[in-house]
Amino acid sequence: MAAERSAGAGGAGLVTAGIDAGIAYTKVVILKDGAVVGRGIGPTGGVDRRERIEEAYQRALEDAGLDAGEVKGVVVTGKGKHDAGFAGKRISELLATKRAVERMSPGATCLVSAGADETIVSASAGEGGAGEYAFNQKCSAGLGLFLEYMADRLSMDIGELSSLADGVAAPEASQAAEGVAIPEAAKAGEAAVNEGCVVFAELDALSLLNHGVSPADVGRAVNRAAAARVSAVINDITYPSADRVVLVGGLAKNNAFVRALETLSGIKLTVPDDAEYAGALGAALAAADSAQ
Amino acid sequence: MKNKQIWETRPLEFWDKAKELRARWQESSSDAKRVLGQGSTYDIDWAECFPAMNIVEDNPGGSMIQAKDSPYARKCRLASEIRGWGREICGYTNNLWGSMYLGYEQDGLPFPPRKFVVFMPAECDQHTKRGQQCRDFAPVPGWMSDCTIYLGEDDPVRDELFREHKVYCNFKQINDLERIFGQKFDDEKLSKMMDYSEEVIEYSRDIIMLMGRTIPSPLSVKDLYSVYTIGHLTKVDPEDTVNFWKMVRDEVQWRADNQIAAVGNERFRWVEAHPPSWHFLKYYRYMEKYGAVCLGSQYTAQNCGLLEYKPDGGIDRRVSMKYPKDTPIATREDALRMMLGPDPREPRAWKSDEYIRQDSIVEFADIMRADGALLPLWRGGVGCTLTRKEQAMRLRKAGLSVIYYEGSQPGDRTDLDEQRFLDQLDTWMESFGYEMLD
Amino acid sequence: MVLQYAKWPEIQWMSDDAGWKEAKTITAGVDIGTTSAQAAVVADGQLAAYAGIRAGTDFRKTADEVMALALGASGITLERLSAVGATGFGKRNAAFATESLDEVSCHGKGARFIYGSEVTTVVDLGAQTVTAIKLYEWDRVWDFAMNDICATGMGRNIEMVCDLLHVPIGEIGEYSLDLGGKPDPEPVSTTCYNYAGTETMGLFRPEFRGDTLNGNEICASHLFAVAWRVLGVIGKLQSLEPGDIKVEGKLGFTGGLAHNAGVTRRIERELDTTALTSEYDPMLAGAIGAALLVLPEAAERGGVR
Amino acid sequence: MSAEATITRGADALGAAFDFKSLVDKRHDYARAWKAKTGGKVLGWFEPYFPEEIAYAAGMLPVRILARHEVDDISDKWIYSSCYPVRDMVNQLLKGRYDYVDGLVNVEGCQWMYNAFEVMMNNRESLFYHYLFLPDYTNAATSKDVAKNEFAVLADRFKGWTGKSITDADLDAAIEVYNHNRLLLRRINELRRADRPVISGSEMMNLVLADQVMDKAEMNVILEDFIKELGLRKPGPDKIRLMIVGSETWDARLEELVEAQGANVVADELDNGTSYYWNNVLPQEDRLMALALRYLGRPHSALKDNNYRRRPQHIFELAEDFNVDGVLLEKQIYCHSHGSDMYAVWKMLRERYIPYHYFERGSLLPEDETAARLEAFLSMLKPGLNHLAGWHKKFGED
């Protein structure tokens, strides 16, 4: 499954689509001869999921200026992958992301995918190992949703939450939280929320607001808590392969989170462009593989 | 990689007999409306030895409530919760004693009040405390024992003391029961049941080794689970039980000799660490579509003494109980000593020590020629969960692919996200490039 | 996408009877919750005005806003109020309050006002916290139980699930009850709302379900789990004697989720009872209770501050 | 305060304040300083049934491994589930916060705690490890023999490790120090029975926690001084009297929250609280048997209270003796021993009309949420239609 095969010598005019129907958003990528020619994004929905996924797909086709009839293969991934009736094959999020990262960031030894719902870490084979992957435990599901809700609660958009890190050094892990730290530590700029559970984290964040801690400080604490959860999944790998770690998924767009994760884990992260489209790109590449 | 049928498969012939035995057990246990006591031990076969007392064991009760009637199980757990029990406490416990708190059983008939309880020795902390519920509920006599353990090399002095401690506990249980209830304990049965049990275990050992050493495996654990309890938790006539297990062993042997597969498209073999969620055994069949077969778990293969450590440090088929068969049994204590065996630290695979629980799964996987391991992470059971993460690390070091799934406990469906579990199985198989058989 | 479907209407009401402004003792109560805030004005024991809004980032601003909204165009100023009781998670931010009150007493008192003296079990269904309160025949708390910390955030989780499912929060309850005569499907996780949320979003998958669940059934599976968790709180008030879960006397719901029939009906069904209904909005219980609890002392002082 | 200064004996080092909380906070510095000064070994222990006297007689400093939360992204790798305190322990141990500890001992008890112990065995192989079996069935006729022998094995292993035998005189001296320590703690605790105690619940909890990480001989000097100081204190105002029962706690945050509401914790039944020092060793010629009987006979922890029940009665006696108005039942999430022991406690409290409030907690308390519970519970315990009836003016105010 070499990346070059589809990226380079594809059949003339081969158009494929990849759909990543996540718990919150559906991302679509249209590939033509290995090059991305269209993208689409929209809410995945629930009771209207089929229509919403199709909508996002149509949006991407429009973006590409193509017609559905021209698409030779559609592969779907993501939590909603069973609800895209029009698509051909389904592949797992792990496979799709791996496939995309081979293309987006060749030479990656470890990928971290952190999205609205799930966190996946996949490390390439170390010495003699077979390569391994880890999922988040249920207790830390929904990190992206949590951050999105917190941003709303803090009257920020996700971009503002993301820019919080600028100029502020994340505290060292050891100092970060000695208790929920209300309000004394909060005053000292060490506001922290529970990093073990998003439900508790939310309660703590509300407590901080209740005690007059600034939304910016709460936002930082929330980003750090999310970073600790993702870091825990990274640490779950028995044979880490951290030479070149690539972060994709919706959370990759949150700079503050990315920096907090780097500080906590001590790992330098590479964030490719369009990181949130990784799953969709991987699915489109997989579609190209099978169409050839 | 699409897959297709490679080996011949055949329906299992012992299946009808198993159904018959189970039906017979059901029939006899429907008498259990007059249950007197709650026996909770691996050691003494209370039901056989105190025939008039109609003693039931608690483990199957709790798990069957969930498997048979989910809404009722939910009610049971709620009944426990609102009387002070943690929601993360073992589902077997909360199901079983929940029905006591509700006051009625699945079929609507009154919950038979227990007249006494014998606690299970403490392999798992939640077993240790499982007997007290009915004693706190209403004052009835109860007895307990200990799960004695130490780390490191065998220590004869400690062995001796621990053994005598356990003998004393069992001895007191029996004597007190006789004294209080005026029933005679059948000492002969005690020895006889040990023999029967050893015979059944002998056949089980054969079966496990045949599954491990044969490709394709003649039997999957899915099949094994449907007969697994016969003779252990599902009590029927001892001789019938032994004959049944001989029948199973013979058939498995024949299948192995003739390359009859449990899963015709077998191409991936995996082991587990613990019982599955009893209400959701479907995932075995789901995995079969990928050509994946499960060969058992530490639970099926090690806890009942099927395998043992050899002097060279490896793990292999257990020869037999180490106590010589011709040791004279003059007294009840002798019989109990004999029953407990020479190693008072057993069963160690349950109660973790510094290496057994973590390492032995690697050896087990090796015997089973497994490619991967699926480890359940049971939130609601300390004994169910201890060391799982370390097991995964060691299995990975041995080159196996390991995944987990999370749930409450084998007898509690609450937190098993079935769809997420199946998605993760898909991911697992896809990571090997396997596709489902259409 | 956040909160597109989870929006619920903000409220403001004032008595038509302008006479209340002349009352001897006017008191107010504010209930500053994690997600919503209510204020109620009571004139000589009669409900005169109220307001309810969504809590913002700044709890202090939220408290000021909801109080101002309740007083509205009445011309009554804060200074005219003889006493203001504050309750709820964010009560410390009601700088204008004269008394700080616990939530349980306020909801108990408020429920007595809303449902009358026959209510003996009050279940407050809040955004973060669920509280069950047992009252004596007189207005005194007998016992109460709150949700386990692991089961925090019920109301908030329903909001999130509504957003993800694309079902308006005002309608999810009705949808969940419209199953064409079929019984409720198995509930999703009854342990943690975060588990429940993600599990719910996975229910669309068709395989391995005898019947694929439709949208209404998925709503039902979620709300059933929610209701079941609430039962775990209510049941802690009952005797330890054997038997099914039950409540003694009449049941009344308060809090934002009292509006969600998908939750309340299921609780009623399991408890084999029918909850009391009222012309008043049960969301106001905390605020009304606070206003009433500060009333006696204020009246004793002759209505002066 | 430098690490060196903290081990200076007596009240001088502490100032008049007797700041036990800071002793707990600086326990790592204290142990390192102790080691530097004495050259002895520090032994970490996990379970309330560990016979510290034996380690003390062997010249070691036994310190309890206390949970303390800090950002945790590594314990998931080693353990699943498990209560937060145990996770915190694993997190701290793996992060080297206890790098001065030379050995770890675990006693048959909570399996989560055992998990923390065994994760360390697989992580720091150079340490001394011992697992001591103390019967869960504490009352069997043979239990005391098993316990005594286990203690002998422990003493033997210490000898193999340190190269020094533990003599009867060593044991006598250690028992003497520990008995004296427990007596002093009981004396202080007894002051909480007063209508208006001179010691607060948080102070008492911090004191007991500090006691478990310090050299007892040193602590005894401090305690003697502290008792003198207590004699000079004026009684505080009348307050609602609460008792805490449940899972082990590792700080005094709950007590502090109670105090912030104008009430006081006057009693507890916690393994880290009164149960730690409740009973003494009754000396006999067979020293190890005397120790075995002391540990088997201490107030049962929830996990070991599973055959003939003692805990409910003990809790009741404490509640009555200390004249408590209400009981806070706290359970750590995932605490199986208390998660399966509450029914009997609820039952006893209900039968005897002692009000209680039950709640779950993690190692961190969600403070606003907990405060809301406490406020409502206290309001329920105060006389009057509601707490505005004027009675609160008597409580919490001078």
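Read from first to last, the chains carry the letters A, B, C and D; within each, the first residue is number 1.
We adopt the following convention: a residue touches a chain if its C-beta (ideal position, glycine included) is under 8 Å from a C-beta of that chain, and two chains touch if they have at least 3 such contacts.
Computed from a predicted structure; not experimentally measured.
J.: Tell me, which chains sit next to both chain A and chain B?
T.: C, D
J.: Mind listing the chains that sit against chain B and also against chain C?
T.: A chain counts here if it touches both chain B and chain C, which gives A, D.
J.: For which pair of chains is the number of C-beta contacts greatest?
T.: Pair with the most C-beta pairs in contact: B-D.
J.: Could you pull out the chain whose C-alpha mean position is farthest off from that of chain D?
T.: In terms of C-alpha centroids, the chain at the greatest distance from chain D is A.
J.: Roughly how far is chain B from chain D, centre to centre by C-alpha average, rounded to an integer in Å?
T.: 37
J.: Averaged over CA atoms, how far is the centre of chain C from the centre of chain D? Could you give it in whole Å?
T.: 40
J.: So the centre of each chain is just the mean of its C-alpha atoms; given that, what is the distance between chain A and chain D in Å?
T.: 44
J.: Do you know which chain C residues sit against two or more other chains?
T.: 89, 128, 148-150, 152, 192, 195, 198, 202, 205, 207, 236, 240
J.: Multi-chain contacts only, two chains or more: what residues does chain D have there?
T.: 76-77, 80, 333, 343, 346-347, 358, 360, 362, 366, 368-369
J.: Of all the residues in chain A, which ones touch at least 2 other chains?
T.: Within chain A, the residues that touch at least two other chains are 79, 137-138, 200, 203, 206, 210.
J.: Graph shape for the chains shown, where an edge means the two chains touch. Line, ring, star, complete, or other?
T.: Basically all the chains touch each other, so complete.
J.: Could you please specify the touching residues of chain A with respect to chain D in the complex?
T.: These residues of chain A touch chain D: 137, 173-174, 176-180, 182, 192, 194-196, 200, 203-204, 206-207, 210, 224, 228-229, 231-233, 235-236, 264-265.
J.: How about chain C: which of its residues touch chain D in the complex?
T.: Residues 89, 99, 101-105, 109, 128-129, 131, 138-141, 143-146, 148-150, 152, 236, 239-240, 293-294, 296-297 of chain C touch chain D in their complex.
J.: Residue numbers of chain A touching chain B in their complex, please.
T.: Those in contact with chain B are residues 79, 91-95, 128-130, 132-133, 135, 137-138, 238-239.
J.: Show me the residue ranges of chain B that touch chain A in the complex, using the header's touch definition.
T.: Within the complex, chain B touches chain A at residues 377, 392-393, 396-397, 399, 401-402, 404, 406, 415, 417, 420, 423-424, 426-427, 430-431.
J.: Show me the residue ranges of chain D that touch chain C in the complex, using the header's touch definition.
T.: 333, 343, 346-347, 350, 355, 357-362, 366, 368-369, 372-373, 375-380, 385-388
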